[in-house]
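Starting off with a structure, shown below.
We just call them A, B and C in the order they show up, numbering each chain from 1.
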Amino acid sequence: MFYREAGQFKTSYDKDQAVFPIMQDRWFIVAVILAAYFVVPFVADEYWLQAVIIPFLILALAAIGLNILTGYAGQVSLGTGAFMAIGAYACYKLTTNIPDLNIVVAFLISGLMAAAVGIVFGIPSLRIKGFYLAVATLAAQFFVLWLFNKVGWFYNDNPSGTITAPPRELFGVTITGPRATAEARYFVSLTFLVIGAVVAKNLVRGRLGRSWMAIRDMDIAAEIIGIRPLQTKLMAFAVSSFYCGVAGALYIFCWLGSAETEAFDLLQVSFPVLFMIIIGGLGSIIGSIMGAAFITVMPIFLTNFPPMIGIHMATDLQKHIEEIIFGGMIVFFLIAEPHGFARLWQIGKEKLRRWPFPY
Amino acid sequence: MEFLNAVFVAPFLDIADSPVFFAEVVIGGLMSGVMYSLVALGFVLIFKASGVFNYAQGAMVLFAALTLVGLMEHGAPLWLGLLVTLGVMVALAYAIERFMLRKLVNQEGIILFMATIGLNFVLEGVGQIAFGSDVKRLDVGLPDKSFEWKGILLNTFDLSATFIGAVMVTSLALFFQYTPTGRALRAVADDHQAALSVGIPLKTIWVIVWSVAGAVALVAGIMWGAKAGVQFSLVLIALKALPVLILGGFTSVPGAIVGGLIIGVGEKVAEVYWGPVFGGAIESWFAYMLALAFLLFRPQGLFGEKIIERV
Amino acid sequence: MKFRSLLLGALGAVVCVTGVAVSKAAYSAEQFIPMLVYRTGPYAPSGIPVANGFRDYYTLVNKRDGGINGVKIVFEECETKYNTKQGVECYEKLKNKGPTGASLVNPYSTGITYQLIPKSAVDGVPILSMGYGRTSAADGRVFKWVFNFPATYWSQASAFVKYVGRQEGGMANLKGKKIVHLYHNSAYGKEANPTLETLAKKYGFKLTLIAVDHPGQEQKAQWLQIRRKKPHWIFMSGWGVMNQVAIKEAAGINYPMDHFVGNWWSGSDADVVPAGAGSKGYKSATFHGAGAGWGVHEDIVKHIYGGDAAKAQENKMGEVLYNRGMVNAMFGVEAIRTAMKKYGNKSMTGAQVRWGLENLNVNEARLSELGMKGFTQPVKVSCSDHETSGPVMFQQWDGSKWSFASIWVPPMRDVVRPMIEKDAANYAKENKITPRKC
């Protein structure tokens, strides 16, 4: 009833090609972003921001990065953790060695560093495909973490082998380090996610995005119609790693504050980010965000729900049951909708269009 | 200069200097390789017959080992424990087919992969609820004694593990080659639809394959469990099997064995002779780098089926 | 239809999530202590006894003494799976519970400890990372809120060297001896390396560092190297499955087990079980006794398990890591008690407990009152020294139980303390902290 595009006429190609051609969509997105900026920080307490929302925002950024590589360009990667680690360590080196560097610039340079390494590890993708490539990206994952663990230069030779985010300011507000408020860190992460999502959305519907999709759907055919696989694939690796690198820097600077390489472990980062894009929907920006929300929020919800309704179990038993439910839900979702939340979102909009008179 | 010497000269001089120790390293590598192959085998069986990259193989190893140890702790003799555990694994295979695979027919590989990750969580949870998270000692009565043979230290446990691995591979190869079920399995692996059209029951085949993979997981669980105790970490040995898998090819049983041996020897030699130069613990990524190097020449792995692409 | 049910389910989930709110009920005379535990996951075999030790000691104080000076201890477990991300969630959830918030936090994970160190000052929750975490936190001038008594990894490594010297008949005999440090390739495992390197120079022993990558199920290459080197002593900084495999491999190459010494995270009951008889003679560092023969254990059996010793054993009572959890809980409780002496018998805030930790003085007399005489050593914390350089004990596994194998070995404070102060100063500089005067 409310979601109708009747009466919205497009009078130019530009309008026809808009990201959100339907007015209601536009408003909805604007409302969500406004709410994220002006409502959430006043409603959520520190627990919500620190334990749920900030990690969700940062991982969503990483998920967008991986989705560009896997969902759009079709190159499965399990090396997300490594690229995030590169971003984090690069940012640590930059901020500690050049104390006057603007922190946002440091984040962006860290992303570029990750992109450079991403290109190197993307080279095998020209020859190796599918699961073979996925397992091959594990070489990046293990090698990079080993390197950061082994070579003292990366963590300024401190004996504890960990990196700690030094305090930095932006517009006079401390946004990193222990004294930064959760709200400040929330705004920074949110801004990065919003800008990242907008850029990604525009990237994937442009020429580059189309050539990525052509490569994904059939690389030989794409080559024949004149898309150069080398540049296209490496570009996908570069852009994806850039996103992951920035996300990695945020992960340490705006969330954990201090960590060792273990924080970027395969099972702690690489796999969960992959889950996010599969559950969210391959080849969808909004899907990445929804997937990230599901994977970060669901376990926390499952932990806190039983005590809330008065069920108190032994800690370990509850955790096991939680795991079983979580695993079961993944399988259930895949059976119900293999294309993830993005597809559900689409179906939802279709239904809404016909509501309340479905046929 | 010193570094180049340490990388390109010293290790080789070292090898030439004490060939007995080098032989020991190689033999040690071969034995570790067999252990990796045992895990990789489970992956290969399932990928071959159903195209599923089964991430839950590690959890299946844990689950099988936990079940066996749990039964034995309750006083069951070994043979009974093995029998019941096998039964449990068959039931599990049936359940997986009935509630998961059947509903995901024709989905993309990555979706199936994701589903097995879900399965992984479920198995981890159920296994630990039923049998706890403590480390348990598994003693299946294999002799565990070290002895020297011409200056090379050997361990009877490693030898028997190698022997068991060899027997398993041979019997699986024979099973695939000569039995009607084996032939049907190969047919399914080649082409699902063609196999269906000549009357091969796809669902039964899947149950059989997952059951066999379950049995392989049990053997792997016993071997690794006897080494480090049966505990949650068994899940992580799946990571050890992945380079073996890409090196040997996802679809080849002999590939899993040869790949395992190459990785085993390669990483041991690298760690012992080159590890100290780089600061040690290079095994973890070296295996992947080695596999990657092989892949650049054969993108389908050593024994994988040639990937034919058509436009 | 399918879609609708999905949608409804999702809506329901959202509603429930928004309903999760941290309730702050107004208790009085209760002291809240958060418990970050890991009873599941790869490190559960170590996490379970630790968590049980904590739980039983708090329960004992409540049941036997009616709380700390009449203030009841309230504790809540939160499962971290030894995972930093979940640790953050747990900490945030628990830090404001109870009438005065979390009194102190025992993270029991290197990653979570590092993550919490910068926050502790801001949140006002002191960290008691007993014998783990960041070594340089021993410098209380920089790390006001972090405590790692009775000894750090560096002190422990120096105590190990001293112990070896004694076994070899004098420190002079260390010259030319070969010692291997087999370590978990992580921030934790590498901790002891600088200390051992310094000492190797000082005493002239040959040190070889051999790393084992996480998780450490496969160590053939490392043990081949060791077999070839034939070291006189092996020191191990292992964790989880790595310990069990290492002990098994050591037995496999017929290494003399009484020259194989683990650090205090490599010497629990779970570590020696899988190797069976092969582990007999293995040693490890510790700072408290093993077994259930102390007064405090009798109290636990009597007050918690109703005299049923078998049930207590089933709950891991007397295992090394159970006792560690218990000692850790004891120090926390004594710190709260110390704080109450100054601030009165009511619920203590984090800041007050921090004062209590800094002025903690558990002497022999107090230990005997607690039924822990000989079980662990007295501790006296000060403003500048959060470590106290307590002595280290070396225990030995005799095939069925751990027993003390040495006298208490004091660490080499003269070597370790300057290193700690140097690292703490670096940290202060990097993070713009002005060290306080003590």
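The working rule: contacts are C-beta pairs under 8 Å (C-beta built on N, C-alpha and C of every residue); 3 or more make two chains touch, one makes a residue touch a chain.
Keep in mind it's a predicted model, so treat the numbers as computed, not measured.
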Where centres are the averaged C-alpha coordinates, which chain has the largest centre distance to subunit B?
C
Going by the touch criterion at the top, tell me which pair is linked by more C-beta contacts: B-C or A-C.
A-C
I'd like to verify one number: the distance from the centre of subunit A to the centre of subunit B, where each centre is the average of its C-alpha atoms, in whole angstrom.
32
Subunit A and subunit C have mean C-alpha positions lying a whole-number Å distance apart equal to 35
Out of subunit C, which residues touch more than one other chain, so two or more?
39-40, 44, 48, 185, 213-214
Subunit B residues counted as touching two or more neighbouring chains:
128, 133, 279, 281, 284
Sites on subunit A at which at least two other chains make contact:
146, 150, 316, 320, 323
Contacts from subunit B onto subunit C in the complex sit at residues 21, 24-25, 28-29, 31-32, 35, 128, 133-139, 144, 146, 153, 155, 224, 227-229, 231-233, 235-237, 240, 267-268, 271-272, 275-276, 279-281, 283-284
Tell me, which parts of subunit B touch subunit A in their complex?
53, 99-100, 103-104, 107-111, 113-115, 117-126, 128-129, 133, 239, 242-243, 245-246, 250, 278-279, 281-282, 284-285, 288-289, 291-292, 295-296, 299-301, 307, 309, 311
Of all residues in subunit C, those that touch subunit B in their complex:
39-42, 44-45, 48, 185, 209-215, 217-218, 220-222, 224-225, 227-228, 240-241, 244-245, 248, 252-254, 270, 273-274, 276, 278
So in the complex, the part of subunit A that touches subunit B is made up of which residues?
70, 76, 124, 127-132, 135-136, 138-139, 142-143, 146, 150, 218, 220-221, 224, 266, 271, 274-275, 278-279, 282, 316-317, 320-324, 326-331, 334-335, 338
Using the touch definition up top, name the residues of subunit A that touch subunit C in the complex.
45-47, 50-52, 55, 96, 146, 149-150, 156, 158-162, 164-167, 177-179, 255-263, 265, 268, 297-301, 303-305, 308, 314-316, 318-320, 323, 336-337, 344, 347-348, 351
